[in-house]
Amino acid sequence: MNITNLLRHISLKHLKLQKAQLFIALSGICLGVAAMVAIDIVNRSVLRSFEDSINHATGRAVLQVAAGESGFPEKMLDVVQGVPGVEYAVPVIETNAKLSGGTERAVMILGVDVLQDHQIRDYSITDESADIPDPLLFLARSDSILLTRSMAEREGIKIDQQIQVQTVEGIKTFQVRGLLNPDGPARVAGGDIAIMDIYAAQMAFGKEGRVDRIDVSLLRGEDFDKVKERIQGAVPEGYNIDTPAGRTRQVEMMLKRFQNSIGFVSLMVMFVGMYLIYNSVSISVVHRRKEIGIMRALGAKRGEIIRLFLGETLVTSAIASFIGVGLGLVFARLSIGVVAQSVTDIYMQASVTELAFSWGELIRDGIIGIIASLAAAAFPARSCARITPISAIRSMPYSEDGFLFGTKIKIASAALIILSFTILIAYKMAGNSSPLRTSGTTFAAALFLTVGLSLGTPLLLKWFLVFFHRYISPRLGAPGRLAGLNLQKNVSRNAVALAAVFFSISLLVSSVNAMNSTRTSIFEWIDSVIRADILIASGHPLSIGAHGIPMPGEMIKEIEEVPGVLTVEPFRKGYIYYNGRKVMLETTDIAMRMEYCPGMMAEGTRDDMVNLLPGQDNVVVNEGFATKYGVRKGDSIVLPTPDGPVRFGVAGIVVSYSSDSGVIWMDISTYRKRWHDNLVDMYEVRVKPGQDIRKVSGAILDRMGGERRLFALPALEFRNEIRQILDRSWAVTYAINTIVLVIAGFGIVITMLASVLERTREIGVLRSIGMKRSQVSGVVITESVLIGAAGGLLGAASGLLVGWIELEGFFRIDFGASMTYHIDYLSLAWALLLSAGLSALAGLYPAHRASKINIVEALRYE
Amino acid sequence: MIELRNAGKMYRQGAREIYALRDVSLVIKKGEFLSIMGPSGSGKSTLLNLIGGLDQPTSGEIFIDSTPLHGISDNELTLIRRRNVGFVFQFFNLLPLLTAAENVGLPLLLDGESFSLVKPKAESILRKVGLGERIDHRPEQLSGGEMQRVAIARAIIGNPAVLLADEPTGNLDSHTSEEIFLLLKSLNEQGQTIVMVTHDPKAAAYGTRIVTLKDGTTSQDISIGGEES
Amino acid sequence: MSIKFAILGILAERDLHGYELKSSFDEKVGEFWSLNYGQIYSTLDRLEKEELVTHDRHVQDKRPDRKIFSITPQGREELEKWLSTPLNKVRALRDEFFVKLVFMDKSSPVPILELIEKQKVLYLKHMNRLTSRKVALKKKSGSLDDLTTELLIDAGLLHAEAAIKWLGLCELKIRAAFESNPPLRRI
């Protein structure tokens, strides 16, 4: 194979000679692979931690019977146990509590049947506590609790010590009867778990007569599916019978949008990396035109030259991808904390203890990096074939413009842009149920638009330069004019640098605007929903639903009695199963809410809400739910309740961003009637006019604080905290945007360096007839700024459009929420400033090189 | 033997047709040292490019050892350049990154031979052209004359049917030029067919036959081959 | 007149009789100068009268006596003086071709252009011959004599080259003149 010959004798020497350029060119792919790897690992680790948690908590159970968060009557236990084929059916209470004192960490409480549970789960007790947990003794004392060794060590808790735990019933005191080795259930939730007897747990957490789950193991030889069917038949509709793996899948689905959105940005890094490779290979082709011509004259075939360039890319990108994989591991380690926190904030408690990765995935990401590089290199490499031996031998290796400038490319560019708009129009016209309405469609439109514009950059740069020459350069001195002329001399190469800037600015502007729109919409919604003055919850109000501890419904009376309190609105939320999938059920005093909140109705009226919801079997759903399940006003939906399925009328559709899995609103009176659940997650308190909010909230805490720990948070503060959480969840996106911008800056550096190298002689001539060093660097920096400014303008314009497409794609479809597009005008100004500033910065080093050119050597150089 | 039958090369410049070469018929015998003379623009480089397979005629036929060079694919033409033709250019056209030996061995490397086999051959040819001491030097470390010797060595390493030289001494002083011509002459005497394009009568006089071109076609064919005084 | 110095130069190396003198002359500068015996002997006579050369008579069997010529000290002195004096006079242009040019047909460029072409071919052939001699010379391990011969060949080549270049210029200028001023209109 003669390509290996050429690689060894020619490419290797080039690579050695241009280490800096090579490094910059490959950094893009390296970072792209790193981002992919990091995101894959982080996603996998988060999922794995849930999966482990679920698996450890399930033990040998192969089926789990559940029915939403409020649980179901414990009499079901006998029903399930009675199903033929069931070996053991054990009840489980799974709830959240919080240590009172110490780190105040959230703890998962697992209430189990002490006499039976060892059939399903293995508890390994530490030696020091070996003699203590005699099950009967454990049972006899309802304040018995088992902690994990890791938690006990962290909190400094000893056996037989009394600890205080926040529960629904207020602060309760438990006695630590033993410690668990980090094995089996003790590894759930990263060790933040405590085991109690189920009856004690029912008492402590307001779940008398109810269980959250039944874990089922099967008799040997029984058919899994048949038993599952039999259980399904035995319990009322609305019960969810699932496997542990199924529960993992549920989590996976819930996290999908979050993971998709960060996966999308890692794709973007790769894309910009491809620009960089494209750019540097293009430059390398131009730079080595003469060499290619000579080799062609000596008998190298077109295909061999193309393969040579691809071979170089293959080898170098393999190294870059390899390093990228390593870097990705580092990135993953650095970012796992932030991501886990975001997941905890938005979805559920995520305690990630270790990074999980699969070799297959790492190899796959590396290979994607290599393939992306080859794809990016293919185009300029193919252009080698156009180099005729004669042209290369006769002339100096400059100009020969137009190899990226052909009619075909112009047509492709125009076709892609038109295609993109066609898709967008079709998307807009198509109905909600049309198969076109997926985020794939909008993604395709955004991709085609971006690629189309990228291919069109040579033409756009040409136009930009015409404009520059007509209106701007007459005002600039000689360096300015020269800069414009220089850019014109090699439009295609400069266009590639421009494309990289364009792409990154477009990405920046689009994501800033999409995020801005989301933020604005969500904040407007939060402001409209949270109209109370004080929020009262037993944990931080942010933690309700996810991992909070509810309060008894009777508390409302006491709060109402506090002087200064005008109204108190109870709020309860939790997941229930609808069509086998988790949806969010939110309940409140609808009449009161309607009185104070300018709720955003998408369909139906506020009067409907007040008239149809309280006390009746009617609900309203949010847009996401409506879209996902094809529900409209006037339809009815069947929801599972502890007493069996109940049909509810849909009285309207509201705007709510509480959950991306769909939200159902119900009056709390209906909920209590149907679910027999009198708990409340949060009380929203309004104070009488003229009352000091802080004083009133102090008074509430004084009255309740003895029995339980409460949070009383002024709503204003709460809203600010939500903002912070949302912004944090975008931190990864911002970080990646920054990387993308830096890579685009590298693109400019490469371009300008190549341009300076090629113009050595010309710069020598200019210097010899009296151009100052500062003027030479001025020319180079001006060129760089021009590229940046042109890319910035184009990027800002397309970013606005792509931002809207992103909003449509990610939010309207995946999130199911209509959001108005809010343009962040400041971001446009920033983008332009940034592109010009960054390109000036990128021009500095090449400018320095240019100004240091030795006149005598430059003129001698041929 | 190289044969051109009514070979022509026409370029289009918009609607205009420009003939770089028209209706050239020429037979170059094995062992000949043919000088092609003519002022710039007479089409002599075009003629050389056609013979060397760097370009294809728009009309007529060209054969090297009865293999046609017209109407074949680019890959086939490339293989002819690789195996049947050796080029020597005015600007040497060595690859600056490669050593003398690597430059000389490049045609064989292109053909897939391993460098361990190529290197001894390249060295022996470099010794033949008097550069035995310069084997591992890079072009920038060589003088103009030495670079052209490397180029000649590269041209003959594959035992080509014909060695094509395009103003091979255009960039050299007259004394160095003479050495290059003597080298070409001695190669010719060892049987190497050479076709050289030049506008310099001193250079042309080394040929055993001189063909002059004018306005894209042959105007004089002076055969004087081997005639002593 | 430089025949005189050429003969002095040859005799300065060693004594020679007339025939040897002629062949030595031919070998060294024969490419540019062809002399007959008469010219050589008349020059030798003149040199003897100027006392720059003398001769010995050498008796042979069955053949007429031969004269062996040798250079006198005055002769040597004269030769050295000549060798160290640079030429003041640049070579005169006295080519027959110039005369033809003066009398060329003013109504049409064709005849003179044809003539130029033929002349060029002649010069080229001449150069080709000189080059062949030079190549042959180069193949021998060169003596100092070979070097001087080579230098003379070089001079001949450069002169011929100049002539060819000049002829090319003539051709271009004549063509241009006839193109911008067609003879018909001039008459």
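Every chain is named by a letter (A, B and C) in the order it is written, and numbering of its residues begins at 1.
As a working rule, a residue touches a chain if its C-beta (ideal position, glycine included) is under 8 Å from a C-beta of that chain, and two chains touch if they have at least 3 such contacts.
Predicted, not measured: the structure shown is a model, and the values here were computed from it.
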Chain contact topology (line, ring, star, complete or other): line
By count of C-beta pairs in contact, the leading pair of chains: A-B
Subunit A and subunit B, separation of their C-alpha mean positions in angstrom: 64
Separation of mean Cα positions, subunit C and subunit A [Å, integer]: 95
Gap in Å, rounded to a whole number, between the CA centres of subunit C and subunit B: 36
Multi-chain contact residues (two or more partners), subunit C: none
Residue ranges of subunit A in contact with subunit B within the complex: 1-2, 5-6, 8-10, 13-14, 17, 290-291, 293-304, 388-390, 393
Residue numbers on subunit B that touch subunit C, as the complex places them: 37, 39, 182, 185, 200-202, 204-207, 210, 219-220, 222, 224, 226-229
Subunit A partner contacts - residues on subunit B that touch it in the complex: 49, 52, 54-55, 74-75, 78-83, 85, 87, 89, 91, 93-95, 97-98, 102, 106-107, 109-115, 154
Residues of subunit C defined as touching subunit B within the complex: 117, 121, 123-125, 127-133, 135-136, 138, 157-158, 160-161, 164-165, 168
